[in-house]
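The structures considered in this document are given below.
Same chain, two partners: subunit A is paired with subunit B first, then with subunit C.
Then we have the complex of A and B:
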């Protein structure tokens, strides 16, 4: 059996670390500075598990009761 | 029938093209419903249906400049006035007491570190959930048991310099604690070697009781004041279970003709459960829940905390029979988790950290904010709603959000 990590927990949505290219494309599309996104701390247990460092952007694929699936982004801050 | 019929594949293709325009749930519903009437569908009617769906979806979207926060606040606030002020749920001796209603809602919004009634819900895995005996065994494993729970009495004998700890065998049997476990625990906490073990039978009021008396010598040169502490220390020694989980109740659910069991726990220790998964075989770790939102934030992360806020608030409101749209609750949860930490809605959180001085002063402790801002020489660019209400200017919302800029000397 696969060992349980907190990423498997029902409450934790899928977190994906964006590549540099994806990051640039996102900020261009939304025309914002990264710090205008919601934040996630680098000390966040999920951020630690996926290896997010301050300055990265994490894409979060949430299960939404209204939209089925919705995508959010969080900027990794120390 | 007029028109060209279409195949299932072209239908799916056509609908998938809309995925950039419509959310996932609508795409799925559209596909499901249209597949049912596939034989009546023509290319032109499909086109009409999809464009109408897209049009209506766009119409239902929030427009730029809409005061979503104010609408959300009122949509939660008004039903809130109809909530029971104090509801405590007592139902029989085996049931747990849960804070519900308005007090609980306030607790969630205040991001209280520890809820007044911490509670966990532990679901069991597919193999175990139908087995009551296994559920009860797990419940006993989880429950935190200290010496106090199995002790009959404890006293200090100054004459012989002994601590006399009397264990109730009936309680020990009930809690599945053996004498060996007690001795090991005493040894581990270095309270002193047990000198003597006496088994006795006491018959208070005619009932027989088997008592095991342990004699522990006092440490040398101990002060009287420290003796009280020593006594408490001995009683608090952990024998088994997970810290903080005071009572575990096996609950039964009947759904669709099947009976399954889950555990409801008074007290909360998410990390404790997740750390001891090897010993607690049979529980479903993906579904371990607690009502302590700050604990979820520190163990499972900020996104899990966001989901927990939404779930908890929805449950409280639904339990009171209030129908509040989740979108308002999601907005609140988003705002509370914006900075990567759970912030309360109030002076020490969202409202107290606003950029504008006037907005902060309009909320609570007006003079303090105005004084401090003037000492520091703060500026207010008047970009928010509240500060513009304060000074009597047009607020930047709706049509007030539009600004006109003219390029000087431009074409």
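Then we have the complex of A and C:
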């Protein structure tokens, strides 16, 4: 039997870990420190599953009623 | 020109700086130290009216009498800050505000040695942390302390001296009992005080207190401060009688009992008498602090009025904090009832002369306005375009009310003076109606001084203020500086606010009679004679009359021609009117009901102008298009003139509604009765089926619920059907029908309820079943599921409701009222909290939404970056309308 992961659930948007390069590029583009982004706990169920560690940045791609698809970023904190 | 003398710059060197504020308890010593003397006489004044020196109104406590000097500081009323006195209490009493803390302290410490009932090592451990890691302690304190105290309260044997502990019980509000083996024993305040004294500072600190700021025994009062008289001024009535402040009354009570108690003790009276007086003293001190303590009857004035003592002065909406400290009040404002005036511009507000004579605008005297201002000064404060004050260049104010010869004052007027003249036509004022829920609740208007006593406003601005004229009052504020006026004029003027920032549509627009007038004027059958057309068009300053469509036998114009004259050149637009019948297939401009509005190059070609075209809050309306494509000025011109014309056409036409508007022919009534009968049969068949358990159950519903839904459906269909019949038979000339069609007032539903049947009444979305067991009223059988028994109203309002129907209708109506009352308060509170949470968010230049400390909330505002105030109802572009605009209407046809 296939094990269920919460990532398969429809209401869980797609979470992607950013690479170091992407991270640098993002912070440069927004001209911000990582802690100015909204936070996500490393203990968050999705963060745990994709292996996010404190200091990482997670990209969240979700459906949006206004824009079709929207992108948000979360800074992983302990 | 006068020379501007060199200004003297005053620089204040800070002598002392406030670093912080700490709160603590007043020790008896501190109270005595700050006191100017003991207050021992329970009377306020001598026979001759001089204050008694040892009484609560003593001159040593400061003065409130302008003729007297303070005995302590020698200052007079304004200067003397007031001074505290004190009362030495004959016996200690508990402070009500601290009973909870006292209870905890008594229960958590040893009765014999006063130590905290926690093992020595543990106390030492915590003291160590306090000393060595003070920052860590300050974090942990709120978590650790309650646990420690709780544990100590449970300990029944002292770990320090081995004494067995008894539970201390608090009998609210101020009595303490001790539970011993032999029974309950009362602990008097002096015993409490003695026990609290024994608690060592070290243990007290572990319980989270700071012994430097508060010792536990200070929570039991031995000395009571008497507040300065400036805190409790007495009022002299016109009759010459003096009326004392509530606090003074209370202080007098305390002194009187205290003196009695002192006497009794000195006389060596029996314990019972002393205790009785002691309790009385405790009562007076308690109510002196807080007169709303539960379990104590509130202290009353001789008249039976409840006294307003210390806690009451601070607490609540009318207390010192919310009312006096956070409360804001302003000058240069006015408030009265509002009333409508369609002849004002939307940018104007009618101000009563009396108000205009009180509100002033400071105007600097210059060589260009000096003659005019002189005239105003001469006219003075009591004649309308006049002036109330003059401010000389040295800052001295001259009140024109007390000037004997104003001509003399006017003559000395020179550039550099400031004249505070009455507000007059054209001045800017901010107009506001509470509740101020959105920014359009305060808008700038231009003043128009008018006779009578109400503020007047154009009806088109009612929707943003949510105002009507059933007694509403509004506020007016007059900006005093050039900057404020400029800002108000460019940002807040009504015409700047036509488009709502919420969705980009107009929130200002026609209502009621305006819509009706437009509908009647644009009606196909409307023809006007030359005189009428001239009268109407001249009203909006139009002097060129279009060519009449009919020349013989008489020159006749259509209403649409008149409307076309008001539309801007180059306007191309189509929309479905509110009178649209929603036919299955739309024939567009060939609409048989004339409900498809077509405007081609500023010419109204077809369609009825109604709510959808000029109504307030209607998105995509004709008016919206005018504002968006031709600018705010065109929009406000349209509101001022076109809408005035519509209204005046309504006057010309005349319009009244009567009961005949809802009269239906015999056959219609018959048809309605048949339809209702059919529905009733259907319902009884359903009930039969249900009773025979043959009803097919709907998913996720019980059998009962299934039946309810099905009956509900049948009955609501019946009402709809009946409504259609009524609409079919109602005369098209029925005024009520015209109002509903045009959207000016009422709906088709209202009409069918009046003409055909009122329909199902509901409470909480269900057919009515409350009041009696399994039935709504004793007139029905228990468990009757039929239509009538559960609140279906067969009658129409015109026919009249039967008593039972009337009762059901009242039940449904009451729920509606309660709902609105509850909803407004709840949504109001929710909105307050939302605004509080969101007020500092802003959109940065890079398009991100940030908080005040620059944290990112959204990468793009609303995730699509659309500014709703510039959008078409939330969408960035309306493609269909854009194509129509570019290609012109003709291309679409």
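Points to keep in mind about this one:
Keep this in mind: the second predicted complex is superposed on the first by the 76 of 78 C-alpha atoms of A that agree within 3 Å, B and C clash if a C-alpha of one lies under 4 Å from a C-alpha of the other, contacts with A are read in each partner's own complex, and residues count from 1 in each chain.
Rule of thumb we're sticking to: a residue touches a chain if its C-beta (ideal position, glycine included) is under 8 Å from a C-beta of that chain, and two chains touch if they have at least 3 such contacts.
What you see is a predicted model, and the numbers here were worked out from it, not measured in a lab.
For subunit A, the partner with contacts to more residues, out of subunit B and subunit C, is B.
In the superposition on chain A, A:28 makes contact with neither subunit B nor subunit C. Touch criterion met: A:36 reaches subunit C, while subunit B stays clear of it.
Judged by the touch definition given at the top, the superposed model places A:12 against subunit B, while subunit C stays out of reach. Contact with both subunit B and subunit C is seen for A:66 once the two complexes are overlaid on the shared chain. The residues of subunit A shared by its contacts with subunit B and with subunit C are 38, 64, 66-67, 70. The touching residues of subunit A, when paired with subunit B in their complex, are 4, 6, 8-13, 15, 38-41, 44-47, 60, 62, 64-70, 74, 77.
Of all residues in subunit A, those touching subunit C in their complex are 30-32, 36-38, 64, 66-67, 70-73. Considering their complex, residues 23-28, 274, 277, 285-289, 296, 298-304, 307-308, 326-327, 330, 334, 337-341 of subunit B touch subunit A.
Those residues of subunit C lying in contact with subunit A across their complex are 846, 848, 854-860, 862-864, 866, 874.
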